[in-house]
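Next come two complexes, and both contain chain A; in the first it sits with chain B, in the second with chain C.
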Partner chain A sequence: MWKTIIRRILILIPQVFLISLLVFILANFMPGDALTGKIDPNVSPARLEELRQQWGYYDPWYIKYINWIKNIMKGDLGESTAYKLPVTRLIGQRAVNTFWLALITTVLNYIIGITLGVISGRYHEKLPDKIIVFYTFFALAMPSVVFGLINIFVFSFKFKWFPVGGSVDVKYLAGTIPYYWDKLYHMFLPALTGALLYTVSIIQYLRSEIIDYKNSDFVITARSKGVPENKIYSRHILRNALLPVASFMGGDIASLLGGSIFIENVFSYPGMGKLFLESIQRRDYAVVNALIILFAVLTVLGTLLSDIIMSAVDPRIRIK
Partner chain B sequence: MMKKILVLFLTAVLIISTFGGCAKNKDTNETRGIENVTDADQGTDGKAADGEGETAESTSATEDAASKFPLETVNNDPGIEGGVLKVALVTSSAFAGILNPVFYEDSYDNQLLTWFTESIISYDENFVADQDGAATYEYDTEAKTITLHMRDGVKWHDDEPVTLDDLVFAYEVICSKDYEGIRYGESEMNVVGAEEYHSGTADSISGLELSDDKMTLTIHFKDFYPSILVGGFWTHPIPRHYYEGIAVKDMAADEKSRLKPIGFGPYKVKNVVPGESVEYERFDDYWMGKPKLDGVVVTVIKPELVPAAMEEGQFDKAEFSTQQYPDYTDPTNFQYIGNVETSFNYTGFKLGKWDADKNQNVYDPNSKMADVKLRQAIGYAVDNDTLAKELYGGLRFLATSVITPRHAAYQNKDLTGYYYDPEKARALLDEAGYIDVDGDGYRENPDGEQFTVTWAAMEGENAETYAQFKIQNWAEVGLRVELYNGRLTEFNAFYDAVEGDDPAMDMYDGAWKTGYDPNPAALWGHSSPANYTRYTSDTFDAIIKDISSDKGWDNEFLIQRYHEWQQQFFDEAPAIPTMWRIAIEAVNNRVKNYSIVSPDIKQTLHLIELTAEDTVKK
Partner chain C sequence: MMGDKNLRGWVVMINKELLQISNLVTSFRINGEYYAAVDGVSLSVRENEVFAIVGESGCGKSALALSIMNLHNKINTKIEGNIYFKNKDLLTLRLSELNSIRGRDIGMIFQDPLTALNPLMKIGAQIEESLSFHMSLSREEKQDRAMELLEGVGIPSPALTYEQFPHELSGGMRQRAMIAIALACKPSLVIADEPTTALDVTIQAQILELLKKLQKEMKSGIILITHDLGVVAEMADKVAVMYAGQIVETADVYEIFANPLHPYTRSLLASVPGVSPADSGKERLHVIRGMVPSLLKLNRKGCRFSPRIPWIPLSFHEEEPRYHEVKPGHFVLCSCYKNFKFK
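Up next, the complex of A and B:
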């Protein structure tokens, strides 16, 4: 298995390389640059020209690309033009926020998904199932931006249970225990909003698997042996039914780490998804390129993780 | 696996192509807002026109609009001791957080800066430097110098005295060759020795002459004209002792410009959550006296949440968007204060090319829009009053000139502007020879060929309605106008095309913020690349030359030339000013002594008081 993992990681290199090349060329086609529209009576155009020269805007794209790759080899992802910070430091700040939000979202996602999926499968065609199926369609149809705004309106403005946005209240000093509590408190509503929407696929998969397994031979055997119904579900059906769900996990982790563009934007939560969108708007090329590469690596690693999880939970599957 | 990457990649492309656009132009516009700048506003904004088209009415409409909102909060309750003011920073993105006056670029960082640091010079209502700031000044037109005198007892937040050496330091940073910001411009180069310092041939800026006690500074200028007193020299010191040992190129990224900045303003920075919020506490040794509040908290909020947040009392003050205002005209727990902005919207005509080698605009008298009557007709054809009323709840109004009412001393109040008068537009077009020969309802050009005007307008809220309305207005007088590329244009693409003189574009809708100095040289001058119309004329050149020269020290002459210039601009019409704008802020009822002009020209933030422990809720 180790061999496979190493091979997979090696394949990653040309893939990322190819992506970086494509992204670079396309980014070059975007109209405007970080200084577009900054001309005004107080900013001299000669100054903007000087900066453009200095930043190498007029170099052909392949020169820019080669310089960029050279710097990456040295561990330098460039400098953000909007934030005037090294990209690594900027992404570092945001990655922490995104990581914790992703973790909580994933946990909630699986708690809700597995619970509802099992109930729905077990009480197939009965009232609980109907309610849950209705919910899944509702959640599928609901745009995350709208759902986020509704939640903010109801829970932040009306009931005042949660803050309106952001990641932490400014009155807590970093490193103290109340500070971390407050971070958690700020994360809960966005995480719940995300989880309630993303959980749909888990519910649906689990439900159909459970319904399938309910009438399979080994379940009928267990039932005829007199195994209690609860045990049949927890020991026999659930273990099998969870297999496809487990295969999602790697991909889920990867996509959540990339940050949810929508959730982070609605809740003004300063994570990587929000940074990505803002950087595109500001033509902050160094950040955009670095993030796309990062997302690509995460995706490939996520798939690999999925395969590893699969082989761990299902002995019949072996990575070759 | 590849498939997933492809999906990811396509998503990225999709976002780049769709999302990028709409959000940016909103942001950037707001971004450019405060920093005495220019920018296009969301979308298409159009031509000027006063409903009935009568002079008297248009003038009174201007005054009505301007006096609709108070400049200051109205609150007669007694103030409480201390309290914390909750301020909203209205933006849908995280703030950049460059908390240093030399390096920051957008208006959000500027808003954060105003609470803890300020200009050593304050300005009067005409934006001319006065003697009320932390430093006083005198000038000498013969010697071409300004001499600054620092007041005693002005302290940085770490108790070190503020000296004019700190201003010299700011100059040295801006003029350094390692400085990567946008501030190094013509007014800095106008200081004797600045260019030598920038190119590295001099170790210091020879034109900055500091006294031994560092409390008097004489600045020598190469050219000395009235604009220098209107924000034409640098007045934001940065603490030399605090940045000691930090190279200029590392300064913007340093913690001292990010998390622990110091200034000499009424409040000092206590804590910064990057991109989200800043907490300030009172600075007891503030030079104008101890501020009334215990502290201030500034927090980012998305524009769409502002009305609800204000009603629920989450904030004491927030900028209120023009688009949201019509739904919240009668608030109970907060009040609006507002002021006319120094910005105007306009329709510009592409009349030439930018010559990059000679650094000047070249007017092409044979260009498609070269007929002045055609341009005037385009101005008279649009009903801007209806647009302003229906789309902006009266927060915009007919602009009669490119000098806004905020520069009242210079504004030519006799001008009527291009009000709505379709009859006049038709008559002008007939005169110019644009006549409908083939009877399809649209006019042909004087040679009898089909005539279509390509018009660029930006994406944004209400932009589609706006654009279609104007196109209909133009169709009613027989002009066929089509959108550039057949649709609204995204912010970056728009400026790329406008700045690059795309020949496919005949006219465009933009907006400028003029800042302190209304000198037309910057926006309409012969050698200004920001003169996107590329129009030049001898009359313009002559007037602008007078305004920019030392003749302008004669104030009466200056005003007269400004008035003539506006008349000339109206007559030659290289662009049609369409709307002036009112900026409003929502302020909770418990806030006292807050004024919207502060701290734009004068520091009054230390006077703010609260009259209740908690915000007033709906």
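Up next, the complex of A and C:
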């Protein structure tokens, strides 16, 4: 198993190289640069031109690419032109926020998804199932932006249960316990909003698997042994029905770690998804490129994680 | 002395009734309407008796087998009639009461040992599961019993198989494990639903040998469901022939092979190479015309086999077929047997 993991990580190198090349070329095709938006009357067009020369704007793309790679090798991902901060530090700050948001979203996602999926599958075609199926269609059709805004309006604006946005109140001192509680408090509504929408696929998969397994041969065998119905569900049906859900787990976690662009923007939550969108708008290429490479690495690691999870839960799958 | 015909008949006679099914009707809901797959079946199985139910695919054998322990999908199945087992009507029991009988008093062996075992559970755990709901045994005792069972069903290395998953075993080994599960609590009745159908011929013989051996040891009753007359000849004490949800003929095994009466029984025997003495000179085997009618298209009036023997005039069949007792214990449905000839 360790061999596979190491091999997968080694395959990551050419993959990331290709992605970086593609991303870099595409970024170069985009019109405009970091100075396009500067309409500060105090800076003369001649000075802007000078800066462009200095930053290597007129170099051919491959020279820029080689320089970029050289710097990455040294651990330097460049500097954000918008924030005047090294990209590593900028992403580092945002990544912490996104990581916690992703963690809470994932936990809520699976708690809600598995509970509703099991209820829906077990009481197939009865009232609880009908309600849950209606909910899944509703959530599937609901854009996350709209749902986020509704939640903000209802829970933050009307009831004032949750903050409207941001990640922490400025009045708390970093590192203290109230500070972390406040972070959690800020995270809850965006996490719940995300989870309530992403959980639909878990519910749907689990539901259809449970319905399939309900009268499958080995479940009938278990019933013929006199296993009580609750145990039939927990030991026989659920474990088998969770396999496809487990196979998506790695990918789901990876994509959440990449940051949710819509949720973070709606809740103005300073995570990577929000940073990504802002950076594209500001032509902050150093940040955009670094983030895309990061997403690519996360995706590959996510599939690896899925394979590891699958081999842990399904004895028929063993990675050698 | 078990092989002795007369002595064996005598043993059967003194045995008590174990299971008595009367007028069982199992219907499935298709497009909102119920269609009977088992239509008025009555039979009784005694202790230490192998009762074979034979018939083509789709004649209701498996539907009958699943009805006994009420294992059908409740949403689209209706079961009527009485199934008495040890003076209890299984169809009226609550699920918890039924669960205490399932596995403990009645064990079931299924057709396909690959799909009938949970792919995510070790063989040992699947055997122990049955023990843990019916017997109060310690963990070690359960494990010992599971090993003992695995050895009893002829698995060469019980300790290894105990830790294995179903996909790691061959078809024959899986069916042995299945039998170990069914026999875990020494049930007094075993329902074997085509236990050898999914296996190749050499393994079939081994499994039958094993079943026979275990049945003799445990003196339990077996309901053996099969479409293989060879299996019937080898295993059964009594035989019921099923067609389109009804038992068309029932007798003890010697009588069925020596003196088959119902046209369907005779056709079945004639279609097996070298079983029917009348057929031994023929070069071509008999083929029964047509197919078992589907549940939706089945004509439930009159003799259900009549469409498949169209050369027999309808006047030879009864309008409402009854059972005729031609000899003690030998029953035939409908009077058409009296004038039946192969074409």
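Here, the second predicted complex is superposed on the first by the 316 of 320 C-alpha atoms of A that agree within 3 Å, B and C clash if a C-alpha of one lies under 4 Å from a C-alpha of the other, contacts with A are read in each partner's own complex, and residues count from 1 in each chain.
Convention: a contact is a pair of C-beta atoms (placed from the backbone, for glycine too) under 8 Å apart; a residue touches a chain by one contact, two chains touch by 3 or more.
Since the structure is predicted, the reported quantities are computational estimates derived from the model, not experimental observations.
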item	value
Clash-or-fit label for the pair chain B, chain C on chain A	fit
Chain touching more of chain A, residue-wise (chain B, chain C)	B
Touched partner set for A:Asn240, first chain B, second chain C, both or neither	second
Touched partner set for A:Asn230, first chain B, second chain C, both or neither	neither
Touching partner for A:Ala222 - first (chain B), second (chain C), both, neither	second
Touching partner for A:Asp314 - first (chain B), second (chain C), both, neither	second
Nearest-approach distance, in Å, of chain C Cα atoms to those of chain B in the combined model	26
Residues of chain A at both interfaces, chain B in one complex, chain C in the other	none
Contacting residues of chain C [partner chain A, same complex]	66, 69, 71, 73, 75, 95-96, 99-104, 106-108, 110, 112, 115-121, 129-130, 133-134, 165, 167, 178, 181-182, 184
Complex contact set, residues of chain A against chain C	124-125, 214-218, 220-229, 235-236, 239-240, 313-316
Chain A contact footprint on chain B (complex, rising order)	1-2, 4-5, 8-9, 12-13, 15-16, 19-20, 23-24, 27-28, 32, 35-40, 92-94, 96-98, 103, 105, 180, 182-187, 189, 231, 252-253, 271-279, 297, 299-302, 304-305, 308-309, 312, 314, 490-493, 495-497, 499, 512-515, 517, 519, 522-523, 529-530
Complex contacts: residues of chain A adjacent to chain B	15, 19, 22-23, 26-27, 30-33, 35-48, 51, 54, 82-86, 89, 93, 149, 152-153, 157, 160, 164-171, 173, 251, 261, 265-266, 268, 270, 274-278, 280-283, 292, 295-296, 299-300, 303
